[in-house]
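There are two complexes below, and they share chain A, which is joined by chain B in the first and by chain C in the second.
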Partner chain A sequence: MKASLHFNLIRKEEILSPSPVRLRVMLPILSLLLVAALAVWWMLALTRAHAANQKLAAVNAEIESLSRSHQTVLSLCAEEKELSASLRQIGFYTNALTRFGGLLSGLPEHVPADIQITELYVPPPAPPPAPAPMPGVKAAAPTSTFECVSLRLAGRAGGDAPADAVDSLLTALRKPDFTNLIVRAAVPPGAFRQEAARGQGNRNTLLFEIQCDCVPRRFE
Partner chain B sequence: MSISLDILKDRHNPYRLTVMISAAAMIAALTLIYFGILPARDRLDAARKEIGQAKSRLVSMQAAIGGTDRQRQKTDSVRAAHQKLLSAGLLTPLLGSYAMRGKQLLDPIAREAGFIIDGVKELPSQPIRLPAPPPEQLYARQPVEFTGRGAYTQIVAFVKLTETSLPLATLSSIKILGQPQTPEKHKALIAFEWPAVGEKRQPAAKAKDK
Partner chain C sequence: MGINLSKLKIASKSAPVLDVVGMVLGAGLPQGVPAVRLARKDGVDDLVAGGFLDLSGELPATPEDAAAATPGSWQVPTAFRAPHAALAIHSGQAFLRHSAETRENGENGDPQMRSVSRATAPDLPPLTAGLPEFQAAWAARLFPEGRRPTACSIQIASTAAMSGFSHNPAFKKAGGNAIVMMVFPSYTALAAFQDSMLVLYREHPVGFRHVREAVSAQMRVDEAMAESVLDDTLVDPIPMIEPVLRPLLRQIEISVDYLARRRDCPVENFFICGLPTGFRYWASLFNRMLGRTPTLCRPLESFSGSPSAVLPDTHPLASDGTGQLFMAAIGAAFAVLDDHS
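Now for the complex of A and B:
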């Protein structure tokens, strides 16, 4: 029986790798290179951050130097906005102006001789409706753009045909002389009646009222 | 782990130094990354972002400053229009009284028309609708009531003359009552209204601060 005998005459640390690059040497070198590369990267990042901060300081300094001129422009803009808004608000008022002079001066021509006007009344504007309450917000002005205007004529009609005289006045109020201001004229129910209080001699005298709806004031 | 510990324990092991250097280098690298590079990059990013914002602000400021003359002309023209409108018919109180200012304005007109003013009364003011955006200085409608006497033609002349000579005054209400004792002379309650300076509104930002 043959038996082979193996002698290992080379020591473990004397064994050389077939590779020319030895891990034992390369690993520390690569590690140190990595650290060096990271250090360079860090320095680069610090330099860039410093440069960026300097640039930011320069831009801020430029902003600071322009701030006075900019403030002037801003105050001009703010003044223009404020004045424009005021003009718009007063514009709402001027657009809602109503002229009664023409209507009042033209009225006598159309009142028949049998009619005596005893009262002419344009009521004051109704107070604006209260806006919906909002907690913590004080309403400064109404949001309504519309205000009704009306005219009431009251008087006596006599003569042979007082009803015709009142009708004639009513028809005149619907003519183009007045339609620029009056949109609707009517005798309200029960407003044309006999004047009972003044005794026997005035039985033919009738009292009347004419209610006119005028063109509304539009605050637009 | 047990292998590396064995290597470190064995002073004659050629890999001992390799492992120690590599481990130290790895620790140093991680320290550099976490405590050096990442914060520096964050600072750089923040600075770049701030530079971008500052630059855009600078550009907008430069553009605004470039239009100063145009803005000044625009503001001047609006200011002139505003002043013209106010001087045309804004009602200002006379020694604190709108009624007395109204009387001062309408007395000459009443004399010209032949209407006799017996009394003047200041009525409560009414707000005017707000535009959007609203101004800080608000204006209101200020009515003033004139009580007087005159023939119908004189009353009408008073109204017409007021409307023509005071362009911002408008008839707010009128009541002409025939008098049985003096059929030719009527009693009249005439209220005219003008725009007047109202309250000052708190700007939204200031109001919030309070």
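Now for the complex of A and C:
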């Protein structure tokens, strides 16, 4: 009975919303705001793109203007590197210099009176072993920083005990005065012999050779 | 791709109405427009506010008057600002009667009248309520959009009063068959219920204003004095009001007889509502002619469980007299709450 007594004479289209926020009003406003926001966003995007293009053009022009100087700087840097490498190499050679002066100046004090030095020879170092050739690859330049150094002494010994004189010289070469340069000193087999070439009178004179291994040269 | 805004608007109103202000327009009361705000929470109806509003509730008499009115001009005090308003209208041009045709908002009917029909009992023709189109349209646009309240219901005052009466605990307690006299200023509506179904509705052109005028004329006092006479026991006004009420009571007698003979509906309970003054004399005459004692329905009784039902004695709703003037406002609000709950 309750529902049947509600004789509602109002029409649906006459029923208004009590809410101050109405879709009918808010939708157009929101649409306008959305369009305005999109327009602003689009304008900002265009402005930023324009600014970026301008900046790009300026940077390109600057690069163009600086490219010649840049090439110069690059070539100077390369030259500097090359010269520095050369200087370093020279420095290595300086460091690797074998100083025979001290040895030679001190040698006469240790040479017995019965010995005459006839030859003092520093042979050139043996070339390093060549790497195995690889097809299509250019052989690399020698890169070894290590070089063996040797010293060969030759002479003749006379007197009553020439062998002792040679031993005395060998012993002297193994003393601390020389060990800073000479690592090992020995008479190679067959290098101790009589001198026959100068006649029978010189049969007591012995020819000898002493082979010394020196401290190697290090190019560092 | 287009969006139908009106559909969106209607869809947004689908939430149940749980807070509504009921108002009576066209009552012509000097106190103002009777208004009550009701809220339904967890099935309990609460009387949030009630009183007479200082608004002009006078109905436009012609379409020209309605067209000249400013739409959206009404605003109510803060306490009455429910989201929705239910308007009960007293109009001399309105009607409520049993009719063979079923009408929904004026379709297939007189375009000058807006009408709606409801079946109240299975074996009876439907009841049709009608209101002039210009008055209904005027009432619908009294309140502005976007502010509380806005009109969600327009009802004839007598149907609204019936809705209010149906919530009265005295009627609920009585059960069975009952006749209620809804007294308005210029007419009295008679509604008969059989097993709580409305089976008879009649209007008789005798209202409480006629009674008051009769006392005023015969005692040669103004209407305010006549009203105090009807409220008091100093003078017995029955000889003055009996000629006025006799035809009405005779019609009730005939209706009771009709219900008993034709519908096998003996009426045991009689109720009067909407009568602001002189109930004791109406009841006395009623008892003398029909041998029964009617019960006065008090609007506040509908809110016996309401947290706000205890009102000061000076409140218009708490008074037995002026409280009756709110019956249609309360009924209009109840009808909306019942419809949407």
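We take it that the second predicted complex is superposed on the first by the 125 of 220 C-alpha atoms of A that agree within 3 Å, B and C clash if a C-alpha of one lies under 4 Å from a C-alpha of the other, contacts with A are read in each partner's own complex, and residues count from 1 in each chain.
Keep this in mind: contacts are C-beta pairs under 8 Å (C-beta built on N, C-alpha and C of every residue); 3 or more make two chains touch, one makes a residue touch a chain.
Everything numeric here is computed off the predicted structure, so don't read it as measured data.
Legend: residue contacts after superposition of the two complexes on their common chain; A:Ala85 is shown touching chain B, with no touch to chain C. Once the two complexes are overlaid on the shared chain, A:Leu74 sits against chain B while remaining clear of chain C. Residue contacts after overlaying the shared chain place A:Val122 against chain B, while chain C stays out of touching range. After overlaying the two complexes on the shared chain, residue contacts for A:Cys148 are found with neither chain B nor chain C. By the touch criterion stated above, A:Leu27 is placed in contact with chain B and with chain C alike.
Judged by the touch definition given at the top, the superposed model places A:Ala163 against neither chain B nor chain C.
In the superposition on chain A, A:Trp42 contacts chain B only, with no contact to chain C.
Between chain B and chain C, B contacts the larger number of chain A residues.
In the superposed model, A:Ser19 makes contact with chain C only, not with chain B.
Residue overlap on chain A between its contacts with chain B in one complex and with chain C in the other: 13, 23-24, 27. Residue ranges of chain A in contact with chain C, taken from their complex: 1-20, 22-24, 27. Looking at the complex, you find that chain B touches chain A at residues 12, 14-15, 17-18, 21-22, 24-26, 28-29, 32-33, 36-37, 40-41, 43-44, 47-48, 50-51, 54-55, 57-58, 61-62, 64-65, 67-68, 71-72, 74-75, 78-79, 81-82, 85-86, 123, 126-131, 133-139, 141, 143, 152, 155-156, 159-160, 163-164, 168, 170-178, 191, 195, 199, 201. For chain A in complex with chain B, the touching residues are 13, 23-25, 27-28, 31-32, 34-35, 38-39, 41-42, 45-46, 48-49, 52-53, 55-56, 59-60, 62-63, 66-67, 69-70, 72-74, 76-77, 79-90, 92-94, 96-102, 104-105, 108, 116-125, 127-128, 140-145, 219. Residues of chain C that touch chain A in their complex: 3, 5-6, 8-10, 12-13, 83-84, 96, 105, 114-116, 118-120, 127, 129, 131, 136-137, 140-141, 143-156, 159, 162-163, 166, 193, 196-198, 334-336, 338-339.
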